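Input: a single structure, listed below in structure tokens.
Letters A, B, C and D mark the chains as written, and numbering starts fresh at 1 in each.
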Amino acid sequence: MKSQLKKIAIVGASGYSGEELVRLLLSHPHAELTAVTSRQYAGQTLARVFPRFASHPRAKELRFSEPKPELLAKQAGLVFLALPHGVAAEYAVPLLRAGVTVIDLSADFRVKSAAVYREFYGHDHPAPELLAKAVYGLPEIYRAEIRKASLIASPGCYPTSILLPTIPLLKAGLVRPAGIIADSLSGVSGAGRKAEREYLFVECNESARPYGIPKHRHLSEIEQELSFAAGTPVIIQFTPHLIPASRGILTTLYLDLKKPFANAAEMFVLTGQISECYQKAYGREPFVRLLEGKELPDTKNVVGTNVIEIAWRLDPRTGRLIVMSAEDNLTKGASGQAVQSMNLRCGIPETAGLV
Amino acid sequence: MKSQLKKIAIVGASGYSGEELVRLLLSHPHAELTAVTSRQYAGQTLARVFPRFASHPRAKELRFSEPKPELLAKQAGLVFLALPHGVAAEYAVPLLRAGVTVIDLSADFRVKSAAVYREFYGHDHPAPELLAKAVYGLPEIYRAEIRKASLIASPGCYPTSILLPTIPLLKAGLVRPAGIIADSLSGVSGAGRKAEREYLFVECNESARPYGIPKHRHLSEIEQELSFAAGTPVIIQFTPHLIPASRGILTTLYLDLKKPFANAAEMFVLTGQISECYQKAYGREPFVRLLEGKELPDTKNVVGTNVIEIAWRLDPRTGRLIVMSAEDNLTKGASGQAVQSMNLRCGIPETAGLV
Amino acid sequence: MKSQLKKIAIVGASGYSGEELVRLLLSHPHAELTAVTSRQYAGQTLARVFPRFASHPRAKELRFSEPKPELLAKQAGLVFLALPHGVAAEYAVPLLRAGVTVIDLSADFRVKSAAVYREFYGHDHPAPELLAKAVYGLPEIYRAEIRKASLIASPGCYPTSILLPTIPLLKAGLVRPAGIIADSLSGVSGAGRKAEREYLFVECNESARPYGIPKHRHLSEIEQELSFAAGTPVIIQFTPHLIPASRGILTTLYLDLKKPFANAAEMFVLTGQISECYQKAYGREPFVRLLEGKELPDTKNVVGTNVIEIAWRLDPRTGRLIVMSAEDNLTKGASGQAVQSMNLRCGIPETAGLV
Amino acid sequence: MKSQLKKIAIVGASGYSGEELVRLLLSHPHAELTAVTSRQYAGQTLARVFPRFASHPRAKELRFSEPKPELLAKQAGLVFLALPHGVAAEYAVPLLRAGVTVIDLSADFRVKSAAVYREFYGHDHPAPELLAKAVYGLPEIYRAEIRKASLIASPGCYPTSILLPTIPLLKAGLVRPAGIIADSLSGVSGAGRKAEREYLFVECNESARPYGIPKHRHLSEIEQELSFAAGTPVIIQFTPHLIPASRGILTTLYLDLKKPFANAAEMFVLTGQISECYQKAYGREPFVRLLEGKELPDTKNVVGTNVIEIAWRLDPRTGRLIVMSAEDNLTKGASGQAVQSMNLRCGIPETAGLV
């Protein structure tokens, strides 16, 4: 059976997303990790760099290498790019040319418009011709497209936590596209494995703080996807906060209803419609958990899993719909979702290696 | 000088707010702690129950006693009530009758309307005649009234973090009273020192979760005070979250402007107006820090202090005003604020014992 | 193949060890969880009580039941007991009589001597006749016995973290049986899911404290097993500490060498002997990781795994041997180890469900 | 009274120890902070760099400056050096020459022997002539010398946590100088405010790890002071560990008794002797808390204070004495202790600004 394993490589495997990819792929029943690259750790084994994987036989033998596209194209049929913003094109272009499928975990190929990219990222896109080709790797929304994509732009933690709860409501016309607010709390691993003072233990412990407001870069892709769902341009308010946890994203969404409810009877009807909307969208999704009864999302329930929890409440006092989601920023919010796309692309069961 | 110290007692001094009151009053230059009560610890010294104060001479001699109003009335001229919801009246009524000033840290006397109290707390108010008499103990708003009050209903952490940033804007007519959203993150000490499973270390560590939505009890007093400021009934959206920190509240407020701005010039004018509004309201307040430039609130900057940090941003994309505040839930959000009121009431410098 | 799955039950599945057993057994390739008991949660599904498992199909259908030995004997061929100290006999006696294999995670059957049990636990053992029958479930030491045992007394977190690093050295006669010191740091989950004030988030966060010294109950089994290894009675010093982490045990051991080294040459020889001793004992063990070079144990490398990391240093200044170990207190220190024993007992590959 | 304030400067005020010095000195009743230096923050106010002090009037006006000894000599009569290891001499030499009192928080002047310094620090001491002149700034041991010292080498967190509990026992001849073991747990602020990967939140959270064994640099001064106390050369075993807390040191000491006890009666006598020894040494010390009854040290009781908690237990099973201490690594373990020395040196009450 060994010969049927998909050969997979990871470029930039030394960050937190890269490490999570390694974790998932080492124990994936249909994948074989054939190359991992890292300039910093080139020559060292996975076992040495990540002691937590040291008991895995593959981790003892596989060594980090310098990232060379031409070599990677021989080693793997599918390559994950887990690189900082702005450098994915350097690898994606030659790999795609060589016929390799690319799943990029950065934001580099998520936006369709080169102009929007320039507005939010402050420089021209290095490979604008690939933007149209790239498929936005949100399996619950673009499953069919992902199955055939050669370049998958896998969404990150904030977009996933906002898009999955909101898109079905917009598509169903239940909420207004205007006035949406997303308030998110992120664990510190979301900042990456950078040695910067503001992410030191002492600076993050016993600290809660907003940052990057009011125009966070990921708004570009969030608004793009919400606009597709709504069929009209959508602009949202987004406030990320850093909290003293290693992992997890908790997002609270404030939504206005398209048809406000005036009394308990109308609220009852609307409750049924929202419930049905979510059931239809996600009732059979393996990685979306629609909470029931009094349950509310809690990041500790999803850490280490590829699951996103979603709950919602209608507030009869304000007439608003509150939707909350919880996910692991490194799994459903990054590497788990990327593996989910890999499974789809490779014709493997979608949940393989993720449960 | 000893004879001029104010004699102060604390009823219910064994919880987190009570402990913080003890901390502040033990080192207060104008106060003498003459009695602390706790059924559970009656007979034990402060030093024994709270080892962190053990080096303080007063903590070595002062013992917890059973709470008896008639005795307290002889021991102190001012009594803090740091009790769970619903039992303050039992002490407030006899103490007030005996001429003792009462500062209540619970929510029992914060609402003016007995009907609103019943709606939010589910039972009749035990001493409705006191509701009109009580002064809402937010010194920045009710300084003059606090100076003469016999019963001060000292506001808690969420109300303080929401009211102080919002009231000046409403009073100035800069923001709309409708549609206000307050999204708050609280450290676990906000839940009190209750031995409940959901507040165990393992249940809170690496966890972020909303709770108590959509109708938190403290909305009753928050909306009351916002309505006073706006001169019209105000209903807000409020979502509290629990995060893995011991102390601190971070609140993010989403506000609609009364007069939306249409371009950069109007935004510039509005920026000046908001800045001026806050400067006028708080520029000389010792415990309100208006952040400037790129600074954003961070709970770690205010933990252990009586300061609330406030920052704001206009978002030209959404037309909204975002205001953020950070405070220590046990100090400015509870006991520090109560001591601030005590200082005002006793004719002591307002910042005594708080800097 | 379904018919070949081992039918397994867990008595007392609602604590942290029980939850970890559920986690491991739900995804175990050769086991089928047929019953989980909990008085508190009887009637509720696993999915409801433990949202983190909610995506697992089995968790959606399996409901907690009241613990009834006669029923369990029909439902399972092997039963884990994850109960508080002192009540295991109540289930073990009837289950064993009915021919069911029992793996007990409590300390109830770990000590061979009823007198030692009485000395350390303060009451007579309820089923002393079973003490001789029980096998101490440390697979690396008692693999052969575990394969045939009907009652396995699976060791807990502190004993495992001390015994595995020390036993080979004692057996090889490299260290003196006298004067051993074990200094351990434990995450808070080691205290169980009890709603007690001292384990609240606020009481554990930013706190480091020793407890239970100098005569911790688990010394009874630790010294029993060290005495077996040394062939002479061993008494050790053991100091547990609580640190602000959810999981993990870090143990530092101070050992005196049987033959002290007098110079660099002798130290070199001894280094080789210790290295060889550990290699011989654990070089092929799947769950013992002998660290090399400059590596030192770190609980974050083993959390969630069944691995124990071991490193050691000879100190030429003091002539002592320092050995350090790290493990997950709930996995190798509890439920993972119990599943390892289950695998051995059932003739399944020892690492099944644990990698 | 302003004219009588002592003029104080801090060189290297931007690290954690420097920040703690700022905190203590801003509210010190007899000190005036006249200069703070930091190359990185030169030109910025204290209020800007440390928002937590922003409400203090002095913090709003005092600006960081470049460190220039000749200028500092004019600005202050006493200068604290809170610099990394190895550079203190550069400032101490000219400041002392100019008649300024210097309190150095680094390890640079703590060792008496230039040879020992070279052995442990790997390079020649830059100002060996000052070593004899420097007084080891442990007030409880060298109070008289500190009062007259011009150069005070203020001990750090590990040495303080080990020396204070051990010195009285050695001086009284109660414990053996040989075989001492110190096992310490430190919060992450002990590593300083360096932007290094291993101190990132995600790398420290949920992690417990030993480091720097077996020959930590601070052993040089620890053993020097223990040797003075014992009147004979002392070599100890020392194992530091990093735990996920911001502040605090918890040290557990394992000591052998000079005269072992053979029975309960002898243990009773010895208990009295140890108790008397500690009472005599520290019974009237304002910053040493000798715990009684069942109390054990807990870092959370001392964080933010200048207190060290000490408790001890005789173990009748092993014949050993276990002594435990807890302190705040940045206060009694660094800056608080340095201010205590300043008070002594300046003829101010020893506890001024520290209670």
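The rule is simple: a residue touches a chain if its C-beta (ideal position, glycine included) is under 8 Å from a C-beta of that chain, and two chains touch if they have at least 3 such contacts.
Since this is a predicted model, take the numbers as computed values, not measurements.
Asker: Moving step by step between touching chains, how few steps can get you from chain B to chain C?
Answerer: Minimum number of steps from chain B to chain C: 1.
Asker: More C-beta pairs touching across which pair, A-D or A-C?
Answerer: When the contacts at A-D and A-C are counted, A-D has more.
Asker: By CA centroid distance, what chain is farthest from chain B?
Answerer: Ranked by distance of C-alpha centres from chain B, the top chain is C.
Asker: Starting from the mean Cα coordinates of chain A and chain B, work out the distance between those two points in Å.
Answerer: Inter-chain centre distance comes to 39 Å.
Asker: Report the inter-chain centroid distance for chain A and chain C in whole angstrom, where each centroid is the mean of the CA atoms.
Answerer: Distance between chain centres: 37 Å.
Asker: Distance-wise, how many Å sit between the C-alpha centres of chain A and chain D, to the nearest whole number?
Answerer: Averaging C-alpha atoms per chain gives centres 47 Å apart.
Asker: Among all residues of chain D, which ones touch two or more of the remaining chains?
Answerer: In chain D, 187, 203, 205-206, 244-246, 298, 300, 303 touch at least two other chains.
Asker: What does chain D use to touch chain B in their complex?
Answerer: Residue positions touching the partner: 27, 51-52, 54-56, 206, 286-287, 289, 291, 295, 298, 300-305, 307, 309, 355.
Asker: Give the list of chain B residues in touch with chain A in this complex.
Answerer: Chain B residues touching chain A: 179, 181, 183, 185, 187, 203, 205-211, 213-215, 235-237, 239, 241, 243-248, 250, 252, 254, 296-300, 303, 313-315, 317-318, 320, 322, 324, 326.
Asker: In their complex, what parts of chain D are in touch with chain A?
Answerer: 16, 187-189, 193, 195-197, 199-206, 244-246
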